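Structures follow.
What follows is a pair of complexes built around chain A, which joins chain B in one and chain C in the other.
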Partner chain A sequence: MDRRTMLSRVFKPSPYSPGASKFTNALLRTQDNKEVRFYDDLIKGKQCVINMMYAECHGACPLVTTVLKRTYRELKDRMGKDVFFYSISVKPQDDTPAALKHYAKMRNADLPGWYFLTGDSYDIETIRYRLFNMGHPGIDLDFAMHSGTLRIINDATNYWGHAGAFASQGNIMDRIRWADPYKTGAEWAVYARNLQTLIDKDVKKYGYRRDV
Partner chain B sequence: MPTKKAKNRQRIEKKTEGTISRRSVLKIGAAAGAATVLAPNIITSKAAKALAFDPIPPPLVQCTAAVRSPVHTPFVDDLPVPFPALDHPLSPPPQEVANTGAGEWPRANHQRWTQFTPAHVTSELEARPGLHTFHSDFGPSYIWGFNGVYPGPMILNRYGKSTIIRFRNSTPPNGDNTFGHPEITIHLHNGHHGSESDGFAGDFFPSGSWKDNLYPNCYAGLDQFGGNGDSREKMGTFWYHDHRAEKTLNNNVMGLNGMFIVYDPTDPGHEHPSAGSLRLPGYYGVTDFPLILTEKRFCALDAQGRNEMVNAAGGDKWIVNGAIQPKLTVRRRKYRFRILSTGPTTAQWDLKLIGPTGTSASETMTVVATDANFLEHPVPVDDGANAANSNAVVGATIVTPGAIRVNVAERYDVIIDFSKYSAGDKLYLGDFGAGRSQNVNDTGSGNTNPPGLPPGLNIGNVIMRFDVVALENWFAADTPDLPATLCTMPDPVVPDTTFEWNFNRDPVGAVPRLFRINNRVFDANVPQHCIIKGTSEEWFIDNNDQVGTNWAHPVHIHFEEFRIIERWAIVGGVFQQVPVPVLYQGRKDVTKVEPGEAARIRMRFRDYTGRYLIHCHNMGHEDAFMMVAWHIVPDAAAKAACDALIVKANQEFEAKLRNEEVS
Partner chain C sequence: MKLTAIISLLAVILLGTTANALAQEKSCSFDLVGTWKAQLSPTEAILYRFDSKGSVTVLAAPEKNEPRQISTAKYEVNKELGKPDSISFTASGKNRIFGAVSKTMKLVSYDDTSITCDIPGIGTTRWTRVDPDRYFIVLAARRGEFYDTSGSAFPMVIKLAGGIPTIDAFGVYLTKDGKAFGTVPPDIYKKYLREARNDSETTLRLEINSRQYERALKIIKEWERRARNDELLYITGKEVADTDPNSLNNILIVKAVTETLNQCSQDVNLYPLNYVVKDDWITNKVTPPFVPFYYFQELRRRNEARHIPDQKFQELVHLPNLASR
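What follows is the complex of A and B.
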């Protein structure tokens, strides 16, 4: 996709997307105090990576923010165009937009296409549950859970995936790629040709297909 | 990249091959009007139209609500028997190097190609949408199945007959209004073959492409024993299924799995005397049946006249071979059933057979094989004299006395001798695990038992019914008594080294709570262990989750079979060795570790190199990261390079924990 098509891109959801009924269309605020609707403005037709955090967290949150920064660098050309990061506060009562702005700035993470979000605590609890529930009360009712999981969604293809934030960077990139929009036959052919070249190189070097 | 012209040519070639693929039938259908002379008589244009698999419309609405399935009447449908796949030539012919120009997905070259080709058997399985009726009270349901059917076609195969299966992905390329994902990779559980044919979870291929898997049907130990390997490594009941990372659960619930049987002289697929034959009941579909178990939930009849499957892992209807509470007519003689649980998640089947006398005493089922491998001696299981043979154990306690516990992906081959019963008797195979029941005809308050059930039996526990009739003269005569010894075990493994795998989801320091193995999530490109081909190891498989949590893990190891030499559990607060149930003493490829339990196993890594997996076979857990790659490497230099990958990944992991930016 060239730059012009990307900029003019209309975010088209999958006809099978569960839409706001699953994601909710809760009114959230960004670190710039801009009002956004969770489904309509943030999810609809987009590929995104979502994590839960809060500004005063001294455990996993800053570590995950670092990981996302690295990921951001690798996805720089797509960020804010067809890939978005959402860091949602699980302590919205403490995290005002200003507090989140401070958090993002302090960590050099106040970047285009990366939104830090706060809102009504009931709404956020609903979002957290809907996005990260594992069908187990021991996990699902504990708000400190999932801080290390990145939820990967592509609403254009109705894809749900996830990555462990502490996995290798290659693994995180793999999993975001696994959620990419469906390729056309011609795009797959190019992809396949490159893949076969990598495999052959690998086999030549190590005697077996190793890390592609 | 193939040109459009070349692609068309391939398409044409495909159409002219001798098989009735969906496309060729469409072609025949089109041609039939113009030139009926060319089509075989049987394919009139009307018949061709009926065969032409009109594109199947996806569900109108995706059912996600936790509804109760509609009511069904028990025991009206016959047990379906998956139809065997046909052997037919492939076009273009299979080749050692990936035929990417013709649409084959990239892979490493087939290992041992010259040894095992030309293949004796070739066949194609196309993953595509289909409609399947799970019960005659229901409308059809939208599924994805191999060749459009569920369960997938049965592959009947023979040791020494190398086989190439072309897996073609014709799932809807843009997804569909369903929960399957149109990228697949097919694992043969638990074949001894190269990594490129093993359905590695990261090697999935998109809709429109295909991949040849070479199944040599050899015994493990090719290098060591020469020829076709060590015949003591014989296996019988395999199954094939999708293994796409993150989406295994979805695609298996959609229906992408089937059974695969490999015969050999001891178990030849027939019953008449032949050299070395154990003479077990062995006519497929006559005296030898698969029982492929799963559970599903269905929505109410929709506007398309369908009862769609609910997008959920569990279910309130138990399915055997794609039918809800079917019946099977059996003669007064011995039968073999190959029981497989396809899960998909927490389902564990504590199977008992209930006869006319009722639940006060269960009837005997004799286990001859576990996970495709013969036990040394047949093991009868019932809740009377043979209650202690049950493997439904937690710690050292049998929790469902007399039951055969079938965990996800495990196979149990059992012999049932119906000659003990009278014509007209009915027997019931059921799951009697604590809390297990399907909501048959449930109106919210309890089950309605149909008349005629044996005393004590609740219809909600019943999987299927056997109707005993006389053994007519024209039917195959009964097989002899079971031999006392079924096989000779391979030589004990002398491990070269040991390794430990910890399965858990509990927090360690700042590491978040995910389903992990050795603190790692599934990474297709980073192994956690490197093994030189031809060596053997002892592995300690430990479930670190606390006792009392319900995180039990049926652990599956790809490639070779292992033997459990020790089981450990916390009994009375002390972590100690506990007995290995007799059903776990044979060769296995799945071992379930309950919370706080562990197993010590030994296995060999012979003949092939590449990437293989160890994972929890609860498909929810494996999709949620509980899977790890390990590599078999050709030599010490490759091992050093492989170990370096692990070291690098560990450094990266630790740097992340220190909140350092890694470049």
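What follows is the complex of A and C.
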């Protein structure tokens, strides 16, 4: 799904969604230098995975981007349609859209449905606290503490969750699935049947359930 | 098992490195705009007036006479690796600056109030910032005002220009309806400018420089914007459990305002409000609403020699009823 379609498609938020009052509706820029409103364009009614990073980071950020790339591959059919990734720069004063584009291209992460975002440092600070705060200034003041966390949100069901970026791939996928839209009984039956097939495959191959 | 241990160890090392790499650094910004004085002898000085449009006016300032313009020039701050490295001057018309039409001086060091530079043919010289106005910071906190026995706690920054004070204050304060968080109204902050009278009060009054004032004021204005636009960093919600989010916001603002004083030099003897057990007993022993009180008390203890006493403060900052409460 291209950006135009993404922005024009109607995503319905949960009636219980805190909306822009919690998420903020800050004006951000994507790696393609397109203006987007944080809540209205990126969060409202959507399922997304959000992480904090910056282009010149040589520690956790490239590793988290690699983890997200792996996750992206698993979610390929849904990416840009009902699941989106947002990597937000914590150093917006240094990270221009061009710098983020370069970062994304260098890591083969400039993919549909995955947005690298920059903006005003005041707004980014607000977003960082609103999404990642632990209620503890000692932790929250150091943005490094948030770089290893993935925030998982589904605004359509008002689901808030998180995953450790360095958790197993299975764990990350489980947590993203927990944010999926509600399933009917029949859909759950299909899901359970498919999962059992994968488990059986693992058991046959390794003797135990490995990474389903 | 062994592999798991190795992977865990690597993860710990990696995350530790990352934390350092990501550590937020606040460097001293270089601002040349304003008037700088080079003291040539006890009775003779040169003033350099830099404007924001790239022009500098050089004035001779003998001790007993009015300053007299010597020359004008264009200036440009040259950067290397993003940091100011030198300043280039080109004299206008028939003027000369440092005895030449153009000259580049190397910046040796700088802070809020001084620049040390190396001028070819002249040598190393030190300029000090000249400011006709005076600036103060007041850190005031109380205990026993609210239901949880905590109390008001907020920083105030004061600019004294032509004898008229301009005061900005932001934090947790007491109103007749109870606890409030935001811009402190004048009728409230006036009561907190006076000296502390017992153990449940603490006040620290320090004179600061213009750059420290500007940085502290910027933080206060940013928080005023946050409060006005409903963009506070901590808001009521599950993340902050049973802690009043404004107590946490107040910790952020008092920490930012006080730490910005030392952004360019170790001017104030600060207490490390960093939540590290070995450095910081306050955040490890007291709950968030009390942190600013004990922090200000600790700062008062560490900076007692610089604290401005009541009488002197009243002479400087004329506020009616300041000490009459």
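Basically, the second predicted complex is superposed on the first by the 181 of 212 C-alpha atoms of A that agree within 3 Å, B and C clash if a C-alpha of one lies under 4 Å from a C-alpha of the other, contacts with A are read in each partner's own complex, and residues count from 1 in each chain.
By definition in this document, contacts are C-beta pairs under 8 Å (C-beta built on N, C-alpha and C of every residue); 3 or more make two chains touch, one makes a residue touch a chain.
All values derive from a computational prediction rather than experimental measurement.
**Student:** Go through the superposed model and pick first if A:Trp178 touches only chain B, second if only chain C, both, or neither.
**Tutor:** Touch partner of A:Trp178: chain B, not chain C.
**Student:** Does chain C touch more residues of chain A than chain B does, or is it the other way round?
**Tutor:** Of chain B and chain C, the partner in contact with more residues of chain A is B.
**Student:** Quick check on the superposed pair: does A:Glu125 touch chain B, chain C, both, or neither? Answer first, second, both or neither.
**Tutor:** In the superposed model, A:Glu125 contacts chain C only, not chain B.
**Student:** Can A:Arg29 be said to touch chain B (first), chain C (second), both, or neither?
**Tutor:** Touch partners of A:Arg29: none, neither chain B nor chain C.
**Student:** Looking at A:Ala60 after the superposition, I want to know if it touches chain B, chain C, both of them or none. Which is it: first, second, both, neither?
**Tutor:** Both chain B and chain C are touched by A:Ala60.
**Student:** Once the shared chain is lined up, is A:Val190 touching chain B (first), chain C (second), both, or neither of them?
**Tutor:** Touch status of A:Val190: first partner only.
**Student:** After superposition on the shared chain, which partner residues are touched by A:Gly161: those of chain B (first), chain C (second), both, or neither?
**Tutor:** A:Gly161: touches chain B, not chain C.
**Student:** In the overlaid three-chain picture, which partner chain does A:Lys44 touch, first (chain B) or second (chain C), both, or neither?
**Tutor:** In the superposed model, A:Lys44 contacts neither chain B nor chain C.
**Student:** After the superposition on A, what does A:Arg151 contact: first (chain B), second (chain C), both or neither?
**Tutor:** Neither: A:Arg151 stays clear of chain B and chain C.
**Student:** Name the residues of chain A shared by its contacts with chain B and its contacts with chain C.
**Tutor:** Residues 59-60, 63, 134-135, 138-139, 145, 147-148, 166, which sit in both footprints.
**Student:** Can you list the chain B residues touching chain A in their complex?
**Tutor:** Contact set of chain B toward chain A: 1-2, 58, 62, 64, 98, 100, 105-109, 173-178, 181-182, 195-196, 202, 206, 208-209, 245-246, 313, 510-514, 516, 520-526, 549, 609-611, 620, 624-625, 631-635, 638, 641-642, 645, 649, 652-653, 656-657, 659-662.
**Student:** Write out the stretch or stretches of chain C touching chain A in their complex.
**Tutor:** Residue positions touching the partner: 11, 14-15, 17-24, 222, 225-226, 230-231, 233-235, 237, 239-241, 243, 248, 251-252, 255, 274-276, 283, 288.
**Student:** Inside the complex, what are the residues of chain A that reach chain B?
**Tutor:** That would be residues 14-16, 18, 59-60, 62-63, 66-67, 69-70, 134-135, 138-139, 145-149, 157-159, 161-171, 174-175, 178, 182-183, 185-186, 188-190, 192-193, 195-196, 199, 202-203, 206-212 of chain A.
**Student:** Quick one: which bits of chain A touch chain C in the complex? Just the residue numbers, please.
**Tutor:** So the residues of chain A touching chain C come out as 21-22, 24, 54, 57-60, 63, 90, 122, 125-126, 129-130, 133-145, 147-148, 166.
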